[in-house]
Amino acid sequence: MTTAAETTARLLITCPDRPGIVSAVTTFLFRHGANITELDQHSTDPSGGRFFMRLEFQTPGLDLADKALEQAFAEDVARRFDMEWHISHAARRPRMAVLVSRHDHALLELLWRWNTGELGVDLAVVISNHPDLRDEVERFGVRFEQVRFTADTQAEAEAGMQAILQDAADFVVLARFMRILSPGFVAQWPARIINIHHSFLPAFVGADPYRQAYERGVKLIGATAHYVTADLDQGPIIEQDTARVSHRFETVDLKQLGRDLERQVLARAVRWHVEDRIIVDGNKTVVFA
Amino acid sequence: MTTAAETTARLLITCPDRPGIVSAVTTFLFRHGANITELDQHSTDPSGGRFFMRLEFQTPGLDLADKALEQAFAEDVARRFDMEWHISHAARRPRMAVLVSRHDHALLELLWRWNTGELGVDLAVVISNHPDLRDEVERFGVRFEQVRFTADTQAEAEAGMQAILQDAADFVVLARFMRILSPGFVAQWPARIINIHHSFLPAFVGADPYRQAYERGVKLIGATAHYVTADLDQGPIIEQDTARVSHRFETVDLKQLGRDLERQVLARAVRWHVEDRIIVDGNKTVVFA
Amino acid sequence: MTTAAETTARLLITCPDRPGIVSAVTTFLFRHGANITELDQHSTDPSGGRFFMRLEFQTPGLDLADKALEQAFAEDVARRFDMEWHISHAARRPRMAVLVSRHDHALLELLWRWNTGELGVDLAVVISNHPDLRDEVERFGVRFEQVRFTADTQAEAEAGMQAILQDAADFVVLARFMRILSPGFVAQWPARIINIHHSFLPAFVGADPYRQAYERGVKLIGATAHYVTADLDQGPIIEQDTARVSHRFETVDLKQLGRDLERQVLARAVRWHVEDRIIVDGNKTVVFA
Amino acid sequence: MTTAAETTARLLITCPDRPGIVSAVTTFLFRHGANITELDQHSTDPSGGRFFMRLEFQTPGLDLADKALEQAFAEDVARRFDMEWHISHAARRPRMAVLVSRHDHALLELLWRWNTGELGVDLAVVISNHPDLRDEVERFGVRFEQVRFTADTQAEAEAGMQAILQDAADFVVLARFMRILSPGFVAQWPARIINIHHSFLPAFVGADPYRQAYERGVKLIGATAHYVTADLDQGPIIEQDTARVSHRFETVDLKQLGRDLERQVLARAVRWHVEDRIIVDGNKTVVFA
């Protein structure tokens, strides 16, 4: 499962399902000297459905350089099957930006895992609408930027964030960022903003889900990582988990236990995103974990 | 934890919280020869909140007969603390009725657990709006009654059910009963109808939750046992659980896995009800499990 | 995920890993008109490791009959890669035998799931060393055979069982069968006897694991489904699960909760076996679930 | 459940079970003005077993100072029932020492939870047999001491640790400390050293449990927090948990997932210890969580 080898490349494919795809792709790779080490596929329906595939292959034996291989794949395979596809290389680590407000638990979890190297990511910048976490971030040697957000300055703030992000980051993680991003901002990062919501969606959308959970008297609380779309809390779900609670849990206890859930769920979602394990399918995800 | 001893009695109490309750109750029981073998308590707020307590005690050393003990408790303790309370005896097994439509999995689970004796309940009758499960039920030696339900005959059908239930059952389990009971019927069985809903409430209320779950692309499915109130799917939650799914699960797969969840969750809820472990607190439950 | 279609075939492969396997297999299938609908693979090490693959394909477009396809595969692909392999057809349901003693919970779980059709199996016979469960089995319309087992008659009893099984069953499930089978008997059913052990192996091998768990004071109990080998409780593990317990659980409570675990774990293992999702790799399993 | 109030006191009791204990204790507290806000009890057997009780009470209304209350309890109640008991006060936070080697994940988890205040503990000192984690610890403002350990200097090293610990700490946490402590050292800290073992004990005692788990092919890995006794990996278990793995997990993957388990399990165990929720009963624990 350990896929961090510098020589690993990943190919993700989506296309209409029809016979012959796997044969065509694997034969192409074999002929060009790629050694396939992982292969997952999924079809929503073998007759007229969508087909999804993820391959990992080792690159040392390739007979073509990266660009040439991509061009050959486009011409020899992708065109014929009407594929959306891309190839990524584990050696070129994606650049992550984190947006955060005042809660530090999700941010710290990502900082730790980035620091151990287990996330396979570069941490480009942490942006916050508050100054509180600057020291915490900077002592990891990570860039911290504060962007002031008010109801009146949302457009300006988002423009400031975009200026920071556009050349620095490949994707964005909302690690308990308490401002709602505008559809315009979100549209610049399609399937590239990951949010952690502190409930088992679609239960308890909107504000203060732990208070909502307390009032409803649920026996499990949850956390959900999803891609952000223009519809609040409605984007494609990447990962979820739940934990058992009881009548003894007050809202503060739910929050405390929930922090553990949020950290774990967000860390898994980020890792899968970084390892190109997620394909968005309409408002759902295919996760080859 | 094994509480099925014939000599076990259970005392459930709800009252305004104030100092001295535990002392008064346990001293009363001790003086009358009861040996307390389990005690759970809960307070929503020590200052001005509600207090809940469940005790199990052994009856062989009692100096009063049941009725006399209850009268003494009412006068010596309950009145002073403004208590709602009742005492039940494990030896007097509650009588359960099951309402079912065509799905047999939840019913079979209850039949099997009843048959092993682990539920501590008498199974009075199974009522269905379909004839399909008659043989299955009758070969366990259990009474089966069919009650025809149509949009036009709801009132009549419910009257027929009530006629069967009122002298036969202490509580009712909806084991995937697909008709919505009227508020009038429900009002006759307050906190005595347990339903199994095939989702993690409050997600996916209403019809066909597995289809809803499929369409939303959740990564866990759930099941919820709750008391039935006049508001559909809104009653106090007794127990919930979840199970992991993936993009590979079609609706039929969700249903199949969900059956396992429903069986487990419903069985736990029924057992806790039978053992007097549940106290309803507004629209929530306190479960001393 | 629903793979029960009558037109589904499954190909399982084990061989030394080297480049080109996937390409060769999928191209062979494509050229002969098979439509691949699921593909899983695993390699213990891309350099010099073992390679495992499972494919599901649809047969209606095949240009060869079953035997001819197998022969072509052997000659065109399998020989070249030194493969162990076999093809099974969902339409030819495997025949299951169940061995049981007095506990009925694991047996009943299998009977129910067989009865709903969700196991995809034919239930050939139930064999027991006790007469107790005859009625329970026969009312499902299933053949029941009693075989007397004593310390002195083990060889004879096993010969009797083998006489029943050899023409009737493709694999055997020990659903809490309390006799230890001899190495000689086991050798006749390699990777074709599934046992449910009532602990999280390798914790608590041997007799009475719930008592062992009680005495050790564990906070979780477990269940393990594994293939039976000559070494007691040491065979390749197929599936495991755990459930939370506390100091309140006496041995009888552990047994009761454990029954639920055993039922679920065994049912999953049997289903995966039936769907050809398990490949034995030395003393481990690869499970393409 | 939130019990961190400065006014909260906790009473833990162990004694032979017999009627009248709860009444005597709660009446004593009530008469002296204590308001009981939590009460848990457990009996191994109402006839001749051991009885365990934990109470939380609020102290503002007490009619006696701490020492006088303890003396009165000893004379009026404890002597009569032959109790082992003690009272602790949430306002007097216990002092924790952490022993660590080179793995930082368990230490960081404790540092973070200590830093948020959720552990309710003072962090007195971190001791390591390696210098690696000094900076990490000191930037939290926490004292760090290195103690050199070799096979020849074990006695000296333990004497050095004891000199540091005896006046500084109330209990010790082994957060992946890779040296085995001598029985003599352990005897100085009975039920006051908590270890996190990286397996589901009693499976995989001894060295390198993740490698053992890999070789056995288990489908779940575990972690166990336990009190340290003279017998390695045999002390009373406080808490355990498991996580699902598959054939795709190599040893390095098991370690990575296992770190998450270890962090969660150890954090729960430490919190319960700090909140006086654990009573040792022979080689088991009663945990009133």
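We call the chains A, B, C and D, going by the order they appear; numbering starts again at 1 in every chain.
By definition in this document, a residue touches a chain if its C-beta (ideal position, glycine included) is under 8 Å from a C-beta of that chain, and two chains touch if they have at least 3 such contacts.
Computed from a predicted model, the values in this text were never measured in an experiment.
Enquirer: Which chains are shared contacts of chain A and chain D?
Expert: The shared contacts of chain A and chain D, listed by label, come to B, C.
Enquirer: Taking all residue numbers used at the chain A/chain B interface, answer same if over half belong to both copies and different if under half do.
Expert: Same, since most residue numbers here occur in both copies.
Enquirer: More C-beta contacts across A-C or across B-C?
Expert: Pair with the higher count of C-beta contacts: A-C.
Enquirer: From the C-alpha centres, identify the chain that is farthest from chain D.
Expert: That would be chain C.
Enquirer: Could you tell me the distance, in whole angstrom, between the mean C-alpha positions of chain B and chain C?
Expert: That gives a centre separation of 37 Å.
Enquirer: Let me have the rounded angstrom distance from the C-alpha centre of chain A over to the C-alpha centre of chain B, please.
Expert: 42
Enquirer: Can you list every residue of chain D that touches 2 or more other chains, as numbers and ranges?
Expert: 248
Enquirer: Write out the stretch or stretches of chain A touching chain C in their complex.
Expert: 19-20, 22-23, 26-27, 29-31, 33-41, 43, 46, 58, 61
Enquirer: Which residues of chain D touch chain C in the complex?
Expert: Touching chain C from chain D are residues 42, 200-204, 216-220, 222, 236-242, 246-248, 281, 283-287.
Enquirer: State the interface residues of chain B toward chain C in the complex, per the touch definition above.
Expert: 1-2, 105, 108, 112, 116, 118, 139, 248-250, 252-253, 256, 260, 264
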